[in-house]
């Protein structure tokens, strides 16, 4: 009744091709952004630190992997490696050129990740599917090794870790130990909104269509005049760009420092892939659902369960989290292989015809 | 058909042999080129080219005992990789599922074995020794059967006919579940494998050959022998038994197999159970060489490049691929690793596999696919 | 009605001249000969049918023409350019479009997006504007959307514009696939069994579209079809293949009367 496009007529193609053609959707997005802006001043520091910041930082990487896996149909198990490239690039850039604003460097670090991603994406012309998935593991392990073994990357720190320096924007500290959580959150949010906007522009246009064509039937795509190598490499580049920015956000705004090699391990790659699958492949909103799921679940279990009287230790909780993520993934795949985004669509469809059943 | 299959002249040598000869020829040419470069002084000692292309080979020549030791260690690692890959191949052939959890099944089965031994000896007060060890072995095998049955019931049956990515993700989910479950039941601390109690040989023998000493662990010999026996047994099972025939039928076509009355569900349980037993054997061998803990997970992933080399459906491919990766990795780490600052073992296997892929995208034993439209 | 027009002006080939000629083409898969020593030509503006029993090499022939297979022997001359090897996307950019025997649509995309994909080669606004989806990118998108809407009107598929093609019935999928090929504004349109699995009414519709495309825009059409009635009605000339060899070539009437063709279809008493 409230969610219905009746009476909203499109009189030109631009309106019809808008990303949110239905007015209620546009209102919904505006409300969500408004809530996101108010949230840091309402939520506790704990929620900010353990849920909201990692959610925002990781969601960029999940969108990135969704572009590669969901839209172009190429599985990658190297996302954490590409995130690492972004983080280390950003660290090197800001220590070499501290006078340039950190926000520019966070964005620029994406280009380094994109270059590395294109390099490791080259085999994708000749191999597909599971073979490619394994090939991307080469990227993951090689990069992880490089983060540990090349001390130049972490400025020869004896601890082998990145220590995020203090950087400011208009005099307000935004990275480093003295930066306020709320400020970090807002910077992150800005990046997430901007990057999501760019991604959804891309997937709705010519480039997005050629990616989906490659995904759905690469042979036919080639006969349409789409150059497979270009399309796939562009997908790798854009995807790694997003991962790189996400990695920089992850270290500079969320962690505040990173042990070389351990943060960007294979587990994180899998977690990102889980988020894509659980959220729904080929769906922007699904990327957010998936990220929320993988970020919130461990925290809820670890801290929520004791709060309602179930006594579990942190270590046990971690094991249970693994079991639950595993079991839930299987369950979701059985119930809805297209992820939470599909459930969301069904809900919207139901809402459209409400109060009638169909 | 006779008109279509016009009599193309039969090649003198089989294509596989031709390919092997070609590769050997290329390697020979490279070797000669290196020798010429070094001898002519174009690549002086200490130059990058010399360090990468010549010095490792000179080392091999000068210290043959070290070379033999490295080759042997590579061979043993390769056998274990091949075993993990074998588990993948079994399941992929029969159900088209890329079982990502195979590596974790190795750890999980070994953990079940050691864990139940510990529980029986420490909490239930049974005397430590071979009897209890064998009891633990039976428990572990039974656990793998229950696992196979549950996987078929809960995971495979509802997901039948889904595309391969979904199936892959389901097994990744299974991987996570098994890690959590294993650690929850048996704790996260590394455990020591009950090698001696199971009657496996321990200790080592030193051979004085080639002007040096080569250490050979008895256990490694046992591992190689057991692995060979198991592979031979599996080959026999597939080739000559009724269930083996059914398995091959299922591998060719699910629908056709169903239509002649083969129960897919039963076959899947059998295949997953077989893969579970293979995993258990691998786990025992591997656990005896290091500790049993989920840190083995990373090693288990090494079976993936082996599969890329050998192809997802070829048992000989898994074995040859395993040996190539095992030996290549140990040689690379031993002779070229120091140039990179060491630790290249973590990614070398993947790079070797990638290198192969660029020349033979279908793997060593895979057939070239003609795409039809 | 339709604003899509094949760029006849630029080709320099007048109606009735040779657009494409296949010269002594042979194609092998390992030891199996799919096509052996086949030659024929396609004239600008005609409807050329390729017929023959199953396994005669018809689809392989189309695959050679648009660069999906490389023939081991022989040449294909297209628009006066003799080629040994051509990549599929090169064939596409030189004006050859194609539909498939088993529908090869992009199943996860809507009808609109599928047909828009056919415009890919004509769209060239770069990554920067695509990221912003404003200015030139949006103008280009709208301009091509307009053309695609014309095709949608022409094929009478307005109602399924925003439905993912995977959910459409087979007959409609075939129609969308034709639309996608038309969106490329091809000079040579290869149709691989456009009417397979259709009922009479759908076949009639499809025939009408094919004739309209041929007559209104002068698009040259090469089609494979098993329905002899359709072939004889639609085509100007017919080439008949059997076991990878050409056994007849000529107008429908000539081919119909050819003894070898009758033998190939009805079998010969031994």
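Each chain gets a letter, A, B and C, in the order it is written, and its residues are counted from 1.
By definition in this document, contacts are C-beta pairs under 8 Å (C-beta built on N, C-alpha and C of every residue); 3 or more make two chains touch, one makes a residue touch a chain.
In this text the structure is predicted, and so the values were computed from the model without any measurement.
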item	value
Most widely separated chain from subunit C, with each centre as the mean of CA atoms	B
Chain with minimal offset from the mean of all protein Cα atoms	A
Centroid distance [mean C-alpha coordinates] between subunit C and subunit A, Å	41
Rounded Å distance, subunit A centre to subunit B centre (Cα mean)	33
Centre-to-centre distance between subunit C and subunit B (centres being mean Cα positions), rounded to whole Å	48
Junction residues of subunit B - those touching two or more other chains	373
Junction residues of subunit A - those touching two or more other chains	219-220
Touching two or more other chains - residue numbers and ranges from subunit C	68, 100, 104
Residues on subunit A engaged by subunit B in the complex (per definition of touch)	75, 123, 126-127, 129-131, 133-135, 137-138, 141-142, 144-145, 148-150, 219-220, 266, 270, 273-274, 277, 315-316, 319-330, 333-334, 337
Residues of subunit A touching subunit C in the complex	12-14, 17, 198, 201-202, 204-207, 209-210, 212-213, 215-217, 219-227, 234, 282
Complex contact set, residues of subunit C against subunit A	66, 68, 87-89, 91-93, 97-98, 100, 104-109, 113, 116-121, 123, 125, 127, 130-133, 137-138, 140-142, 145-146, 149, 180, 184
Subunit B residues within the subunit A interface of the complex	98, 154-155, 158-159, 162, 164-166, 168-170, 172-181, 183-184, 188, 298, 301, 304-305, 307-308, 312, 340-344, 346-347, 350-351, 353-354, 357-358, 361, 371, 373
